[in-house]
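The two complexes that follow have subunit A in common; it is paired with subunit B in the first and with subunit C in the second.
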Partner chain A sequence: MRRQRVWALVAALAVSLWVLLPIYLIAASAFSEQQAVYDWPKSLWPSPLSVDTLRFFFSVEGVWKATRNSLVVAGLTVLLSALLGTPAGYALARYAFRGQAAYRMLILMTRAFPLVILSIPLAQQFIRFGMYDTTLAVALVHTALALPFSVLISASVFLGIPKELEEAAWTLGCSPLQAFRRIVVPLALPGLAAAAVFSFVTSWNEVFAASILTLRERTLTAYLLSVLGEAPLPFRFAGGFFLVVPALIFLFLIRRYLFSMWGIASR
Partner chain B sequence: MRTIAAIRVENVVKTFGRVRALDGVSLEVKEGEFVVLLGPSGCGKTTLLRVIAGLETADEGRVEIGGRDVTSLPPRRRGIAMVFQNYAVFPHLTVFENVAFGLRMRKAPAAEVTERVRRVAALVQIGDLLERYPAQLSGGQRQRVATARALAVDPVVLLMDEPLSNLDALLRLEMRAELKKLLTDLQTTTLYVTHDQVEAMSLADRIAVMKDGRIVQVDTPLKVYQEPVNTFVGRFIGSPPMNFLQVKLSNDLADGAPTVEGTAVAGPKNHQGRELLLGVRPEDLELTDARPGALECRVVVVEPLGSHLLATLEWRGQPLKATVPVDAPMKPGDTVYFEPKQERIRWMDPVTGTVVQ
Partner chain C sequence: MRGERWVPYVLILPSLLFLALFFVSPLIEAVLLALRSPVGQWTLANLQRMANDLFFPEALRNTLLLAAVVVPIQVVLALSMGLLLGGLPKGGRDTFLYIWTIPLGISDLAAGIAWFAIFTERGYLNSFLNAVGVLDTPALWLAYDNPLGLFLAVVFAEVWRATAIVLVILVSGLQLIPKEFGEAAEVFGATPWQRFRRVTLPLLRPSLQTALMLRTVLAFEVFAVVFTLAGRNLPVLAGEAYTWYASFRNPGLAASYGLVILGLSAAMTVVYLRVLRVRREVRL
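This part shows the complex of A and B:
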């Protein structure tokens, strides 16, 4: 029993190191002075601690704009996939309708279709609609990418809320909409938040569609991809840092909800 | 004068796909009455309750509550309250807010809400739990919260769907007695679903026995127990169930009635020469001395149950059970004699399984 615990601890430690060490090294380099990047052997602690590299990163033309674009696109993606995904998830969870299994499958199939093949016709269509090189166009594509998860996660969240709770609310004077707002939403909120974070991270990290569909209105990933090749090393570390951080922060913020969603109650 | 029925159900039909869950059900519950829907699982009792609650809509037929046709009204317009099998207590609300929920939906003034919640909570003895969340409560306490929440809205009828079935045996017994006292005091019209015949017997003013989507018999517990209309009711109610013996009646009459062949047991008049089922409850078989007219049985098993012995017997190759006093000298293999109490015998048709007059 005790030995098992020790091994579990060692395994957990190894996995954590595997994931966290590269992130830490990137962060350390991002917070070092610019030439520290070229030092060898590397020091494990950024010394001296400095925002020099970060300042340099944000002084480069286009970075701020790209960051703002990324936030707008991710925000729109979260909004759209929540607005579309939540009702779809609710319908999947609560109503038995003809072709439900096929519908569920279809949702997943959209992810099986490679974006690479889709991007050129999509770009063409967006040009035709005059939407090419807009944040909205990128957000629409990202919504398409995030929506399957949004639907399936919210469906499983709603499935976890007993139907009797809603029925009880109906018998106590609620209309279906009131019951949804007063009973289902509060109980589903943690799970729905997790779905939203998934959408956010999906959008924030997506590079391919964003690169194809924009020229001037680059998102951060698309922008970095286009300039990274020629950029100096410190810039790359700062860029890498800013790609990783939002996802980390968000996962950290919702970790409690993720845990409770997966049955490891933290309360 | 016709009194207003609290619930009137007329010829309700409800199908799920190919399954006919309710097959033309009619039922009347009078004001202040406690009626139990009793039947094996899948008999449609919960479906009937849900149709009355408005959680399902009937394919055919009418539902009236308090003299109002509610057939096509949503649950919130029916004047009902319901207690669910798994309680359905809202986990994100305190006990107070759970109980207050229905009143808040009616936009009752705050003072009235507080007053009513406290009163109902006191009735079901959860007055000291009002600030807690459901996760901090035991099963029995949650059951009380669910009951309080339903009573708080002062419903025209209270619907209960197996409210005690998730409690352990001892608690169930306690809650049963408590519930009976509470609902008798409040005079709340109640329709209560259970598959537990003891629960039904102990709580009900009247029992409606259901089978295969139909109501088979509606009567007081004692009547349903003593005078089942068919073999199903006889076997379903009572533990151990009613005995049914295949017998042949004599052609010649004694005192105007035929007798069961080989015994002095009188059969029903006008049925001489017929084969019938003799229905008799285990406690209505009386142990007697060796006597020519009695049922001569072989003892198969004797189970001491504390208050009495339960004897499994065999009479002409047919099994039957009898309860006998603990001091009765009896062991497997013995030959013993029983006489059924004549007035307690129910005669059934062996083909249709229904009672013979």
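This part shows the complex of A and C:
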């Protein structure tokens, strides 16, 4: 029995190494000197450790603007998907209404819908309405992407808060809205915050729609994709690293909710 | 207040309207874009042009081939990882699961760049092969005239990036299987393999179905990983859609490619629903 455990641990460590290695490598590339990119053979540890490449990356015109656009888009996405998704999640959790199963099915179906087929006509519509190449347009499409998760995750969060607490507040004189604000919201806040982070990361990472929908107001992903061919290697590596870091930090912050969230979102 | 029957409908209304506007309407519009000329006449010209395009057969073939290779590997891998998790001590299990789901938070663009750093001529793979004495001079894995190398590079990158998607679904499903079933089988003398095949696998069917459907649909959309590793040297459907829209300014043709992706996704979903049909008794 002990032997099996040891082998299991070794295998698990090997898998973990496989997962972490590419992330480490891109970080190592980002923290090397620019010339180190052309070294051969490459060493595993950057020597010397340098912020030269990162500094070069941020000095390129367009990078800060793209980063700012990505932040604005992701922020809007968080806001919109929370506003639209949280009430719907509450409805799914607390009420049994006709059409509930159909609504749930619709939400699940949109999860598996190819974004490719949506972005193109939406881009045309945005052109028609004069909204093309705006952060709002990208945020709307990203909200469509993040909304199903927002609904499902908030439904699960509200399900985890006993109805009795609200009902007790009612018997003590609270209106339903007051009970919601003072009892449910504080309890739901960590879970809802995790859902918000999920929406943020989804928007920050998205590439196809952002590339289709923007021209001058590019997000970071759209910008990096558009310069992929011509950009020097250090630039690409720094860009890739910078793309990864915020997502990883945020996900680490909500790690306790991560597994239940991924599980719910994928059911 | 809870008795008010209209409350839930009011609560879901905003999201419904939004989804109608941003899913249903674009879907119809996409069909219209593909089947109409720029002046509004119904025509098959877009579809014909796409079918006759130099890159269409390649794009279709590459997309299908990639999905056919990557998805089964990922299912087997994720299943193994999920079962492996079961054999670990409790505390370790959470940590390992967290590490193994990290790729879920990584953009496919970033994943492509990371693997590009590995496969590029002066990259980490060649450096490693040199260090262990296999190579003297760097090998060109990502050369434009090395389609096999490009394909394999994308396979590696995709397997790394997206196995976690399958893993999460399968682990959720594994957690739902009561331990008593496996223990009972053990009492009756079943080997671990028999326990896996006769107890675990059938009970995992719903999760397998979900995982396969989701992962396959996503696989047909593969885009940024291919672009970073191969540019347009490895045509794929989504990449062609992007190029026709962004570079060649032809929404009709781009929408046609989108419809092909949609058609493939719908077809595979139906196949999975049929082949992996879950009998009612098996649902937990």
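Please note the rule applied: the second predicted complex is superposed on the first by the 244 of 267 C-alpha atoms of A that agree within 3 Å, B and C clash if a C-alpha of one lies under 4 Å from a C-alpha of the other, contacts with A are read in each partner's own complex, and residues count from 1 in each chain.
One rule holds for everything that comes next: contacts are C-beta pairs under 8 Å (C-beta built on N, C-alpha and C of every residue); 3 or more make two chains touch, one makes a residue touch a chain.
Note that the coordinates shown come from a computational prediction; the quantities given were computed from them, not determined experimentally.
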Partner chain(s) touched by A:253 [first = subunit B, second = subunit C, both, neither]: neither
Which of subunit B and subunit C A:162 touches, first, second, both or neither: first
Touched partner set for A:183, first subunit B, second subunit C, both or neither: first
Partner chain(s) touched by A:105 [first = subunit B, second = subunit C, both, neither]: neither
Contacts of A:170 with subunit B and subunit C, given as first, second, both or neither: both
Which of subunit B and subunit C A:87 touches, first, second, both or neither: second
Partner touching more residues of subunit A, whether subunit B or subunit C: C
Common interface residues of subunit A - those touching subunit B in one complex and subunit C in the other: 170, 175
Subunit B-facing residues of subunit A, complex: 162, 164-165, 167-175, 178, 183, 186-187
Contact set on subunit B toward subunit A in their complex: 53-55, 74-76, 80-82, 84-86, 88, 90-92, 101-102, 105-106, 149, 153
Touching residues (chain side subunit C, partner subunit A) in the complex: 1-2, 5, 7-9, 11-12, 14-16, 18-19, 22-23, 25-27, 29-30, 32-33, 81, 84-85, 87-89, 92, 94, 96-118, 120, 122-124, 126-127, 130-131, 138, 160, 165, 168-169, 171-172, 210-211, 213-214, 217, 220-221, 223-224, 227-228, 231, 237-238, 241-242, 245-246, 251, 254-255, 257-259, 261-262, 265, 269
Subunit A - residues contacting subunit C, complex: 4-5, 8-9, 11-12, 15-16, 18-20, 22-23, 25-26, 29, 37-44, 83-85, 87-88, 90-92, 94-95, 97, 100, 103, 106-107, 110-118, 120-125, 140-141, 143-144, 147, 151, 170, 175-176, 201, 204-208, 211-212, 221, 224-225, 228-229, 233, 236-237, 239-241, 243-244, 247-248, 250-251, 255, 258-259, 262-263, 266-267
